[in-house]
């Protein structure tokens, strides 16, 4: 992960994360950005649960292009508030979207058109604060958002970059296709015979994927279907500690800055309480051809 | 199938078929329309292999909105030619598209917007002959196409309308979402425990599906991954016999009008030569939650 | 917290709100289910008067049966097991843009007399006094669903004369037909369910009025906690308390009271 | 049909066309593979000089290795086994719209001196003399791929001065920069491979010229079969015949000569 972030997420990059919404959020990748003190990032995503809040608090972020930034089970994002209200630790530019409009912004980039029209956001003041949203002829034209890199965490992938994700996908597909490059972290690094046995489940063309990182638990505390439940207590604890700037800084040191890597982080988590133990395998599809 | 076509495909309906392109073409449904002498249909689809040609020859069609009409392995569609060149058996209106633009026309209807912009078709005379395609500001605006009904053939479905299809999907998803209603025919009618074991493979929301027909071989002579190879000889034979109007009429009687149902049709096909015998099950995904 | 005669039917304000919200769901409705209380309201309705309702979740899910286990978010694994469709968010939004979503739920930090919601900025957006999380899918639901309901804690600072920022439009400036003129597809808000009572709107939009007051509260008490001169229905009633069946369902789906106990 | 000295290296015009087309594929190219001969050309190149090429199919597939069995269409089951991605057509088109497709192949019924293709109408579209099948993905490839090649049987009625209907635009009216001015993203046609020879285009578009003549044919013979006064390159050469390796590959992927024998 360290190499992937070092190489493909430079200062100033536009980075899409949390594109499956509440599940599969690439926290491990985000924490690596904080450890490497990335600066002036633009974060793109619909709902990032607490990941965007953490990176904003860590001072990595110049702009957020998102529909919602906070803590899904707990409410407000305290670092987000401090940045917007008091420029702490630094000023933050916000490009407000709705969930639908951020998806359309990514589809516009995917299809390489300047904008896509929609009927949502008519009558909303979001049109007043986001210059990428233009109302004309009874429609809202959503300007394309093209991430330099989209980072996803998935259940399994092979070393060639073929990623299998399942469960709700949010805007994962358009975020990957719209991006210049994609970084994949996965619970299981599998043989190509596994991914190619089901090409319909492959999220993106391998031509977009520049790095595959085997990072078990890389989405904690967000859920991973078949692997981990959501760690509600961890989110609650983060919400409480991040209420004050000092509390957040202590939290960041304990869980990110003073942690060398994800394996060490996971060793400090009570994984038994969140690990999924009841398996529900899907019924196979027959790709026979002869 | 008879009931589904009788009830949901009235004269004058706009019907999308062949939306997975070469595979999974719902020939059984199309043949039922010919037997019931449906009239003034508008057919919508990218590439229909010989299905659209057959329905045009049978006199069911008023308009074709498509990117390509012919016989993929054999070339020209002879009924299509006779209809366009000599109004035989009746005049035919053509709305030319490219594959990309017909997909965008369906996405426009899916998202309920009047049109979607694209960079394709600039410089093509298709813009001259199709009023649904407007060039403006260096972009082509593709007008929405909303089928009254989209008909798909899939590998398996349950009686509640949850359809699993695999292999290349063409424009299946947008064609189903854009349509007022969807008719599904399937090789296997399975228990809901099979379809719900893999909700990511369900093509459309069940709220769109009005009929599920268990119709083994319903896509012959097109291929069905895991079930049937493409019957190239059958396509070649159709191309040869449909070269003349009389030849086509004889073919239509033999394979459609004088055939009571699909089971009888399949009993006249050498299914052993096209049945897929080597199975390639996909590796299951674990949807475990606890 | 309210306390009624029998301990069996004592309940929290949130439990009452969930019960009231569940009654807004009609059988057969396709419901765009938001987070927190609405997830419980859907579960309650599905197990009671709306056995044919379906739920649509912006994360990219459609369900019939409520999830078997507690949900901290709509993307939690139990919400995927038994799902009728696991797809992309844009496909769920597409169904709503086509008018297929009968009812939506939206959480509101600030609500005004015309049912407009602010979940973005308190004060000047350029330098806000409070930065709220934002729209999420709220604006989409407010604009595209056929009708919607919001649930909010009843405080003067939350129920305001006019919101300073309209994240999710209700009836706009309150003039009849504002939504139609503005090009909004859906019908807008039909109810504001609070910790003290239920407010509703005239058929053609306009201004909220007090339709019922929760047990243990008074019309005057509600008006005092409202940031504008709240109109009161001639036939204002007492909100019917949660039935034992409703409470049992709520407590089955939120055993620890994560959402329904303070 | 051409007949060379040794029977081992005797080949059909289609086999020569496939071999020539395969040489247009550079290693590492993402190739938008059309039907029929291009499928064979991709297979030949992938097994020879372009082991890192990938194929993209509009039906919704990406592959590296060619399919193990004969393909009547790109959607045949053997083309799905081993696919790197099975998806929607619009996603394959999206990659091309982003400029990620290095080379495309398009079949042409009529081709003109500027490389414009007509696969729609011969004569007045309102009452055509011949109705051709249409664009399929042809127009998309012609407009969006970085460069493309067409393959056509060399007859006067097919190689015409100007097509009456431009389905898939080449270099338009032949003026330099026509594609850029018209807003076309890709670079346009680089070669017309026929049964008699290979025509190419200047860097900045314009008019096709004869670059090589197939063994057994003459420059004059080619010009006589061309519907316009065909320019000839100063260094016009003889097309190199298919190597035994190329022929072996072609016959491996088309054992019955379905595409490559008349």
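Labels for the chains are A, B, C and D, by order of writing; each one numbers its residues from 1.
Throughout what follows, contacts are C-beta pairs under 8 Å (C-beta built on N, C-alpha and C of every residue); 3 or more make two chains touch, one makes a residue touch a chain.
None of these values were measured; they are calculated from a predicted model.
Peer 1: Please flag the chain sitting at the greatest distance from subunit C, going by CA centroids.
Peer 2: Looking at centroid distances, D is the chain farthest away.
Peer 1: Is the C-beta contact count larger for B-D or for A-D?
Peer 2: Output for the comparison: B-D.
Peer 1: At what distance in angstrom does the C-alpha mean of subunit B lie from that of subunit A?
Peer 2: Distance between chain centres: 37 Å.
Peer 1: Express in whole angstrom the distance between the two chain centres, defined as the mean CA positions of subunit B and subunit D.
Peer 2: Inter-chain centre distance comes to 27 Å.
Peer 1: Taking the mean of the C-alpha atoms as each chain's centre, how many Å separate subunit A from subunit D?
Peer 2: Their C-alpha centroids are separated by 42 Å.
Peer 1: Quick one: subunit C and subunit D, Cα centre-to-centre, how many Å?
Peer 2: Computed from C-alpha means, the inter-chain centre distance equals 59 Å.
Peer 1: Two-or-more-chain contact residues of subunit B, please, as numbers and ranges.
Peer 2: 104, 111-113, 118-119, 166-167, 169, 173, 200, 225-226, 229, 276, 280, 287-290
Peer 1: Hunt down the residues of subunit D that sit against at least two other chains at once, touch-wise.
Peer 2: Only 61, 76-77, 80-81, 83, 86-87, 90, 93, 97, 185 qualify.
Peer 1: Applying that definition of touch, give me each pair of chains that meets it.
Peer 2: By the stated definition, chains touch in these pairs: A-B, A-C, A-D, B-C, B-D.
Peer 1: Could you list, by residue number, the parts of subunit D that touch subunit A in their complex?
Peer 2: 30, 54, 61-62, 69, 76-78, 80-87, 90-91, 93-95, 97-100, 185
Peer 1: Can you name the residues of subunit B that touch subunit A in the complex?
Peer 2: Per the stated touch rule, the residues are 104, 111-119, 139, 155, 164, 166-167, 169, 194, 197-198, 200-201, 225-227, 229, 276-290.
Peer 1: Show me the residue ranges of subunit D that touch subunit B in the complex, using the header's touch definition.
Peer 2: My answer: residues 35, 57-61, 72-77, 80-81, 83, 86-90, 93, 97, 120, 125, 127-140, 142-144, 165-169, 172, 179, 182-185, 258.
Peer 1: Can you list the subunit A residues touching subunit D in their complex?
Peer 2: 110-113, 162, 173, 177, 196, 199-200, 202, 204-207, 287-290
Peer 1: For subunit B, which residues count as touching subunit D in their complex?
Peer 2: Spelled out, the residues of subunit B in touch with subunit D are 20-23, 46-47, 49, 66-70, 72-73, 75-77, 80-81, 84-85, 94, 96-101, 103-104, 107, 118-126, 128-129, 138, 166-174, 222-223, 225-226, 229-230, 232, 235, 276, 280.
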